[in-house]
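These notes open a run of structures that come right after.
Here come two complexes built around subunit A, the first alongside subunit B, the second alongside subunit C.
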Partner chain A sequence: MAHEKVNGCVILKDLYYNVENNTWVRVIDDSTVAIGMTDVAQNLAGPLLHAKTKKVGTTRKQGKPIATVESGKYVGPVKSPVAGEITKINDALSSDAGLINKSPYNNGWIVEMKADDLSSDLATMVSGDAAVSAYKEKIERDDIQACEQIEGADTYD
Partner chain B sequence: MALDLSQNKYSDVSMEEKDRLFAEAKADERWEHVLYGCYECGICVAACPSARFYDFSPRVIAQAVAREDTDLIYTLMADSIWDCSQCFSCDRCPRKNSPGQIITILREVSVKNGLKSAKEALQGYGRIIYKIMLTGTQVSPDMLQPDAFPDWGTHVYEIAENLDDWRKALPPETLHTTETSWVIDDKTIIELYLIWHMTGVMDLISGVDEGLYDIIVDVMEERLEEAGYDDVTFD
Partner chain C sequence: MKIRWIDAGRVSDIRSQSIYHGLGYSLNEQSPNTIVMSIPENPYMCVGYFQDPNKELDLKYCKENSLPVIRRQTGGGAVYIDNKQLFVQWIFHPKSIPQKVEQKFQIFIKPMIETYKFFGIDAYEYGGHDVHVNGKKIVGTGAAYIGNAEVVTGNFIKEFDSKHMIGALKLPNERMRNEVNHSMSKYMSSLSEEVVSIPNFDEVKMVYKQMCEKIHGMKFIDDNFTDEELLEIENQEYKLQNDSWTFSIKQPEKKCRLIKIHTGIWVGNTSYQAGDQTLNITMRLNENIVDYINIDFTDNQHKKVIDLLETKLMKLALTEENLSIAIGSFFNLQGSDWSFLTKEQWIEALMMIYIEKKKISGGG
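Moving on to the complex of A and B:
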């Protein structure tokens, strides 16, 4: 899978990113998307202890929380990059939130949503080289420390 | 880690801004009661528990503010004041200085002005507020993680790894918890949420941290609805 590393943080080029909220979107079909936290986000949060998703059927506006993640000292929302309804949640996270740390873009996906107007939402995000540039800028601006891949993490060599 | 007090360390911050921050601290009405002068006797450092563990000195801070060295004061605000444990052992100063109070004021100025060091130092409190607001208990056993408490030494790895077992070894069953300090009764939780609703305390949180407000309110509204309080919303 095409990817680039920015300060050690993996950015997959085929995903769409809401850089400000550190979330990614994988388009499944015309209106369905999978959503998760970026490698940058999971590194900032640290080893996660809990990830509590909203229930299937919950409707969310863009920017409202679809999940809450907790590490030893951190708690924060995963803000929805799209407006729509949650159609599926990653049940595996309830017993192993660390999946988000080990595999932020694959096994650590958080929810699937049916977007009300996907094309409009995607227009607010960045993908490919534009995403890499946006993250370079963000990492420098916010002085984000280098991402460290924890043991058992997906390899992106 | 050794404290770097080299001149103009934070050259990206203008002297005008450093002067402004110090002026804000000096304008605090407590200021004239916490700083009188310094004999350089070192009693404050000798009494200071943080000075034993960090490259931290209440005397350096008292002297920097007495000299009004705003460049150095900014460096101390960025790198040093958060090492103080706020025990006020330094209040035994023979000149009646209170480095602990000076630090309190400097911390407040750092928070009000959103300094990066303040955000980093307070990051951990987000989860504590989340815990208090949602469970009524401010700390949870699962906060004992190697990344959060490195000062516990290697022992903390074993504690974190086997936390469930450690907690189950405690005789009272109400302590067999890791996410909260003890088992919280549903009725208590609902009463707590109704108190937050009636007192308007959530409005305060929304002004400080919107993300935290969103996730707390989300949980509260869901639990209140399940308990039959459909009409209680925080909007």
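Moving on to the complex of A and C:
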């Protein structure tokens, strides 16, 4: 899978990113997407202890929470990068939120959604080299520390 | 950095929580970054966002002792709160606070540490988000993204009422309750434990304000809540007092009951079934080191051997390999007639608390 590392943080080039909210989108079909937290996000959060997703059938506007996570003693939302309806949730996260740390782009996916207007939403995100550039800029601007690989994490060489 | 300073004084139990929720939800582009100080008038139990009060608390005890239960939106565990605690609450724009969770806590606790030092207490940061003195926790913290704001909270504790704290926790047996009690005395502290002349909260507030100015260059403007904020605080009070919010988190039954005393220190209890015998283990872990252990059988006829085993396990770093060596040599010395568990079953039973602790603590 084409990827690049920015300050140690993995960016997969085939995904779309909402850089501001640190979420990714994988297009499954014309209107269905999988969504998760980026490698940058899980590193900023630290070891995740809990993750609670909204229920299947919940409709969300772009920027509204699709899940709530806790790391350390901090509780924060995962904001939806698309508007639409949640069609599937990652049940494994309820017993092992650490999957997001170990495998942010694969086993740690958070929800699947049927987007109301996917092409409009994707137009607000970045992908490929543009995503790499956007993260380089963000990491420098926000002085984000280097991402660290945790034990058992997906490897990208 | 200009900061609004609100000294809310003595407030009700619910208001001591609703203030930062309300300010978070009402924060808009024009809102200032705000620090609120308050003292809750009435005692209560407060659980973290992901905690299920039915699993964490002895609700009958809470009711009998007039302790309301409030589930907050910040993280962390169940805590007993009363008027011997001074709350510090930061409600800031996200861009004013670092994005990395560990750094949010670090900038928050720095002025608290310096305040303690001013009063002669050698406080230091521990575990990324707590403040310790001589190996004991003296400040607990919590944080969350609430509404549009980054919120970080903590408290100065004049005196900690461990009797109510421990009484209100749901624990499986008296053995564990005693050990939690003992561990809290050993690993938690307060102003009254550390200094002879306890500063009053007005002095603490004044020094804390100065430390925020000195460390973070904050310029304070004394002010109060706006009408819109007060309305949102009241809305949040309604939500926080509603059972549909308090009891909406359901956590599954767990094999072990674990109580975090502070980062790295946990007390756990678990049962292990082998045939018609039940083994009950109470253990305090300091990271992965056995700091205390008690093993009870249904049939306690081999208590003397079990006492020897407990001694053998003390200060052991819990790994399957270390346990295999320790249990193996113990079997060699004592024979195996006394044990209704095989060596492998002992290892499995003794690892249960550590494995569960690792799972729910993320290492902390």
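The rule is short, and it goes like this: the second predicted complex is superposed on the first by the 157 of 157 C-alpha atoms of A that agree within 3 Å, B and C clash if a C-alpha of one lies under 4 Å from a C-alpha of the other, contacts with A are read in each partner's own complex, and residues count from 1 in each chain.
Basically, a contact is a pair of C-beta atoms (placed from the backbone, for glycine too) under 8 Å apart; a residue touches a chain by one contact, two chains touch by 3 or more.
Keep in mind it's a predicted model, so treat the numbers as computed, not measured.
> Classify the contacts of A:G98 with the two partner chains as first (subunit B alone), second (subunit C alone), both, or neither.
second
> With both complexes superposed on chain A, which partner does A:I144 reach: first (subunit B), second (subunit C), both or neither?
second
> Taking the superposition on A as described, I'd like to know which of subunit B and subunit C A:K54 touches: first, second, both or neither.
After superposition on chain A, A:K54 lies in contact with subunit B alone.
> Go through the superposed model and pick first if A:A45 touches only subunit B, second if only subunit C, both, or neither.
A:A45: touches subunit C, not subunit B.
> When both complexes are superposed, which of subunit B and subunit C contacts more residues belonging to subunit A?
In the superposed model, C touches more residues of subunit A.
> Show me the subunit A residues, by the header's touch rule, that subunit B contacts in one structure and subunit C contacts in the other.
The overlap between the subunit B and subunit C interfaces on subunit A comprises residues 46-47, 49-50, 68, 70-77.
> Show me the residue ranges of subunit A that touch subunit C in the complex, using the header's touch definition.
It is residues 43-50, 52, 68, 70-77, 95-96, 98, 142, 144-145 of subunit A that touch subunit C.
> Could you please specify the touching residues of subunit C with respect to subunit A in the complex?
Residues of subunit C touching subunit A: 48-50, 73-76, 99-102, 104-105, 128-129, 141-145, 249, 252, 359-364.
> Would you pull the subunit B residues touching subunit A in the complex into a rising list?
Residue list for subunit B touching subunit A: 116, 123-124, 126-127, 130, 142-145, 147-149, 179, 211-212, 214-215, 218-219.
> Which residues, counting only subunit A, touch subunit B once they are in their complex?
46-47, 49-50, 54, 64-65, 68, 70-77, 79, 143
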